[in-house]
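Take a look at the structures below.
Two complexes are shown next, each including chain A; its partner changes from chain B in the first to chain C in the second.
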Partner chain A sequence: MQNNAALEYDYTIAKMFVFSTILFGIVGMVIGTLIAAQLAFPELNYLLGEYGTFSRLRPLHTNGVIFGFTLSGIWATWYYVGQRVLKVSMAESPFLMAIGKLHFWLYMLVMVLAVVTLLMGITASKEYAQLEWPLDLLVVVVWVLWGLSIFGLIGIRREKTLYISMWYYIATFLGIAMLYLFNNMAIPTQLVTGYGSWLHSVSMYAGTNDALVQWWYGHNAVAFGFTVPIIAMIYYFLPKESGQAVYSYKLSLLSFWGLMFVYLWAGGHHLIYSTVPDWMQSMGSVFSVVLILPSWGSAINMLLTMKGEWNQLTENPLIKFMVLASTFYMLSTLEGPIQSIKSVNAIAHFTDWIPGHVHDGVLGWVVFMIMAAIFHMAPRLFNKELYSKSLVEKQFWLQTTGIVLYFSSMWIAGITQGMMWRAVDEYGNLAYSFIDTVTVLHPYYTIRAVGGLLYLIGFFMFAYNIYKTFASGKEVDGSTLQNKTPMSA
Partner chain B sequence: MFHWLEERPFFFAVGVFVVIAFAGLIEILPNFAQASRPIEGLKPYSVLEIAGKEVYKKDNCIACHSQLIRPFKSETDRYGMYSLSGEYAYDRPFLWGSKRTGPDLHRVGNYRTTDWHENHMWEPTSVVPNSIMPAYKHMFSNIADIETAYAEALTVKNVFNVPYDQDINGDGNVDVALGSWEDARAQALKEAEAIAADMKNQDVKDAVARGEIPEIVAIIAYMNRLK
Partner chain C sequence: MNDIYEYQGYAYFFFTVFLTLILYGYIIHLYRSEKKGIRDYEKYGKMALDDEITDKPIEEKSEQKKSVDDTDEKPKEQ
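Then we have the complex of A and B:
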């Protein structure tokens, strides 16, 4: 595309989403650290009266980091990567520009309403799908706007072949659209009867069916929120930052189509030993194990992209972030299938091993990758050199320590709890009362809260670094930057 | 074939959609009619119990409590009979939870009483030393939304044929009456009075006497029903 060498990309929308990524990252992680500390020190439940209990705050943490931080990160990178891999500038289409701005502001509105309603306890109560029906409708509009942006940009593209990242962004869009619509089907009670609160609705599905739809959604929201779009990012940013070509096209094909087909079956592993039919539980278990293949396919493809260039790992902290992200992705996608094996699940389910698993995935893989992407994008967005390399290095080690404390304490806590629940004395009676299995966890809850705090401090260092880059970094011409991100010592 | 797809975004998107929708079609749809059948004699929730379920949702009890007893001896010893699919037929949404920071509650009505819950929600450590559960004192002053609970009951009755105002067990009497809003409110208040009579908090008793039902009364009605 030599004739387009002078193409000026327009990053207005990308910058807006970088801002919201950092904002919601801080909000979500501050609440996360607080509720982690509440489990170790229950007095912390009373800081905000009715609104400050663990139970009321947990949905704010999950929604804040999933739909606030992660979605913002996905969109920040989309409005950056999309233009570049399709070889077309947002500035060429005032229509797409308007869609992008509307997308951002409507999304911010939804997020504000989400925070307010969740704090008030207005909730549909299904995990990661708590928002009530009027907000669900707004979410759908936001999602359609993103779809318009994707397919609009594709419509005016110059590069005919869709790059691997584009496959994953498209899949994210389609997957979440399907899952969200089906899982949130509900009937507003006020519209049907004329009585009571207009915000209230009742689920279209009952009992076991509701559970089935919910975990088909819940599990795959992880797939299409925490896996698919993050792979989109790493397929763009790792080759770009390292200057290395993706190791294998065939491996990326296998991983993509394999992931698409296999992931959706695995939701049943959340319902093992529940009242859903046995064959579904077994399918969930088996497909979870099969899922190792496409997951490791992507991760190995990324690691092998660095073949012969491992020296970059010591020189460039962004490579460090991305390589560790791939590694945590491998750990997490091995751990998940292990927990899905029925006999392991019998111990692991309902325990702290599950949040432990989630967090080595999200802290190590999702957040590391999104931060690396923002570090890479910042000099190109703001035409400034990255403020401090040594701060990036320090942040990396602080947060890695935080993650290790988090997941190792939760592994021990979860297995301890699972074993104590089933322990019997010599006469076959239960050996422990429930409260025994709670008090024993205190040291692990404390370690977890410390791990979370270290990670949070690292995130503040990240936010500060980006802010200083923007405010006082050394000027560079972002449009001429090639691979390695410029950063001052 | 893949190169061909990668140059044609429309067909690419259709391909992805077919591949991801496949599992849902096979796993979810066929089971729907079967799994939603209630066990014999299952009664729908009364309006007061629905209001209590809403308090349970509002304060997000599922963050720490499950309502799903797995078929293991260690669980049936601790919580009672393992859970059956048909017991959840009127649960919209399902409230199984995914984490047991606290114990399972699916049959809590079998072994806890109104006064135990009153003490526990006011100050958990007063009945469970070392408990890390927060106190929910605001439930004693917040008033439950009975009208919305009635709206929910009427909705599931009309839309999903949940058997309100019907004789379910064949004894010739209506098992769970719903009736008009006025009937339902009077009935909810009657049930609330029975619960308040077993409680000691004077503010709660006064509120019920005034015709208002505090959240604590509703959630106790709901938890007593979980058997």
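Then we have the complex of A and C:
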């Protein structure tokens, strides 16, 4: 723990996770685009036998983008931001460095096993919690390793106060730990009964209780996977890239506690008009609407951080990515509460408006923010200029077009679907059969697949840009790395 | 059964008032601490900007673990 003149931040682990972010982003988004196309053109289900069907690939898509791409992005930024805001280098602790490497490689092992088991159809059949119990146990070890890294680095920090991003990273760690443990409580059937496959398990909860725990988990996986850590990122990267301190630090604290108190109660909105007690459904609705306040608190704080500096929006494409990300955060955190209102939910539930909502959140907010973070980090990780500014600009517009096509087609499809399912004739008989809706929705499914394809092409441009930065970017002088990311035209 | 609905009503009212007070209490606490000079929250925003390992911490963790700059004669680059 000696201070010396050569002491620098050590980004070894951050680089590893940047690599896995890009890898899993490609895998998850290729599969996502394929299954979107399968919905429009069902013949595409039969390309690879049982391994190419929608039912096999859909969990691979969700797990790939959530636990592959997003988690890697969270960890890439953690191993970068954590050191910087705590003003301590990983190089100062061989122990934490070893933990970090173990964290990465064990995580990669879990991901490989996840891909193999899901492709084989081995699943616990709970949404976003499909992995079977042996893998769940490994996930817990990975998570504990991350916890050691967080609290270990905090233990040796120089900066006394934890920056707001740190609060959000810690909340991600604690939130997911609690959710994951409770939702994945399961009985391995063979160990208890002596029958069946050793991989198989049965949930510890039954019926409605299972649904409640599942959606308490499912919704909060969105909270602590897609919201909290992404806010951690934007609170660091937007101020850093723009050179503007966060507009109101007090507002960031207030929004943090607001989000923590409110989010955990909102999951009931996934079970409106189900067998769950009515008061729980109402509570889910009410807390979802209240959730607008802390969500917008953070988003507005970010937009106000740019106050007086809006010229940067035209000059710096990274600012463009982050401002659009916080705008999409505002859009999806308004849209979600609207969908949670019981009367709206009566139309929206089970329709394509729901994946539409999820995707304007993840494509516009989560992925944009993670890509912006990697664009910002890459020159600092490799001491190279970002390979091409014009490629970043082109990617931005291509992907923005993709998102608009995705969510607008799903809005129309979802509301059309909801209205058709509810339509009755003068005798109270349903006016349409299911296949009628499928026929009507076909053009929108095609538009969605095209939107997804544009987004995917944009992601390949991103991956290429980062690869070229690393492989052949121009060497950069350390003094130019303070705020705006240096990039070649 | 009616009793339960009545209790629910009171509980709902109580919690609404209670949580609103907590929320506003926290806001008042933040502003009052700043006004009395106990803590300047806004200076923490600088942590994201001045984050080189050679930058002086906004608040030093302890005397034992000085910032790199304090023990290092090398001038800062930026």
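Methods note: the second predicted complex is superposed on the first by the 478 of 489 C-alpha atoms of A that agree within 3 Å, B and C clash if a C-alpha of one lies under 4 Å from a C-alpha of the other, contacts with A are read in each partner's own complex, and residues count from 1 in each chain.
Please note the rule applied: a residue touches a chain if its C-beta (ideal position, glycine included) is under 8 Å from a C-beta of that chain, and two chains touch if they have at least 3 such contacts.
Treat the numbers as computed from the prediction; the structure is a model and nothing was measured.
*Asks:* Will chain C clash with chain B on chain A after the two structures are superposed, or do they fit?
*Replies:* fit
*Asks:* Of the two partner chains, chain B (first) and chain C (second), which one does A:160 touch, if any: first, second, both, or neither?
*Replies:* In the superposed model, A:160 contacts both chain B and chain C.
*Asks:* Which partner chains sit in contact with A:10 here, chain B, chain C, both or neither? Use first/second/both/neither.
*Replies:* After superposing on A, A:10 lies clear of both chain B and chain C.
*Asks:* On the chain A superposition, what angle, as a multiple of 10 degrees, is formed at chain A by the C-alpha centres of chain B and chain C?
*Replies:* Apex at chain A; the opening toward chain B and chain C is 120 degrees.
*Asks:* Name the contact category of A:350: first (chain B only), second (chain C only), both, or neither.
*Replies:* first
*Asks:* Contacts for A:209 in the overlay, against chain B (first) and chain C (second): which applies, first, second, both or neither?
*Replies:* first
*Asks:* Per the overlay, which chain contacts more chain A residues, chain B or chain C?
*Replies:* Per-residue touch count on chain A favours B.
*Asks:* Once the shared chain is lined up, is A:85 touching chain B (first), chain C (second), both, or neither of them?
*Replies:* Second partner only.
*Asks:* Is A:309 in contact with chain B, with chain C, with both, or with neither (first, second, both, neither)?
*Replies:* neither
*Asks:* Should A:253 be classified as contacting the first partner (chain B), the second (chain C), both, or neither?
*Replies:* The answer is both, since A:253 touches chain B and chain C.
*Asks:* Note down the smallest distance between any C-alpha of chain B and any C-alpha of chain C in the overlay, whole angstrom.
*Replies:* Checking C-alpha atoms only, chain B sits 7 Å from chain C at its nearest point.
*Asks:* Across the two complexes, find the residues of chain A that touch chain B and also touch chain C.
*Replies:* In chain A, residues 160-161, 253, 257, 261 are touched by chain B and also by chain C.
*Asks:* Under the stated contact criterion, what part of chain C meets chain A in this complex?
*Replies:* Touching chain A from chain C are residues 8, 19, 23, 26-27, 30-31, 34, 41-49, 51-53, 55, 57-62, 65-68, 71-74, 77-78.
*Asks:* In the complex formed with chain B, which residues of chain A make contact?
*Replies:* Its residues touching chain B are 38-39, 42, 45-46, 49-50, 53-56, 58-59, 121-127, 151, 154, 160-162, 167, 170-171, 174-175, 178, 182, 187, 189-190, 192-197, 200, 202-214, 216, 253, 257, 260-261, 263-265, 267-268, 270, 273-277, 280, 283, 346, 349-352, 354-355, 421-424, 429-430, 434-435, 438-439.
*Asks:* With touch defined as at the start, can you tell me which chain B residues reach chain A in the complex?
*Replies:* Touching chain A: residues 2-3, 6-7, 9, 12-13, 16-17, 19-24, 27-28, 31-32, 35-36, 54, 57-64, 66, 68, 70-72, 74-75, 77-78, 83-85, 87-103, 128-136, 138, 142, 145, 147-152, 154-156, 158-160, 181 of chain B.
*Asks:* Per the contact definition, I'd like the list of chain A residues that touch chain C in the complex.
*Replies:* Those residues of chain A that touch chain C are 1, 3-5, 7-9, 83-85, 87-89, 156-161, 163-165, 235-236, 239-240, 243, 245-246, 248-250, 253-254, 257-258, 261, 279, 478-479, 482-483.
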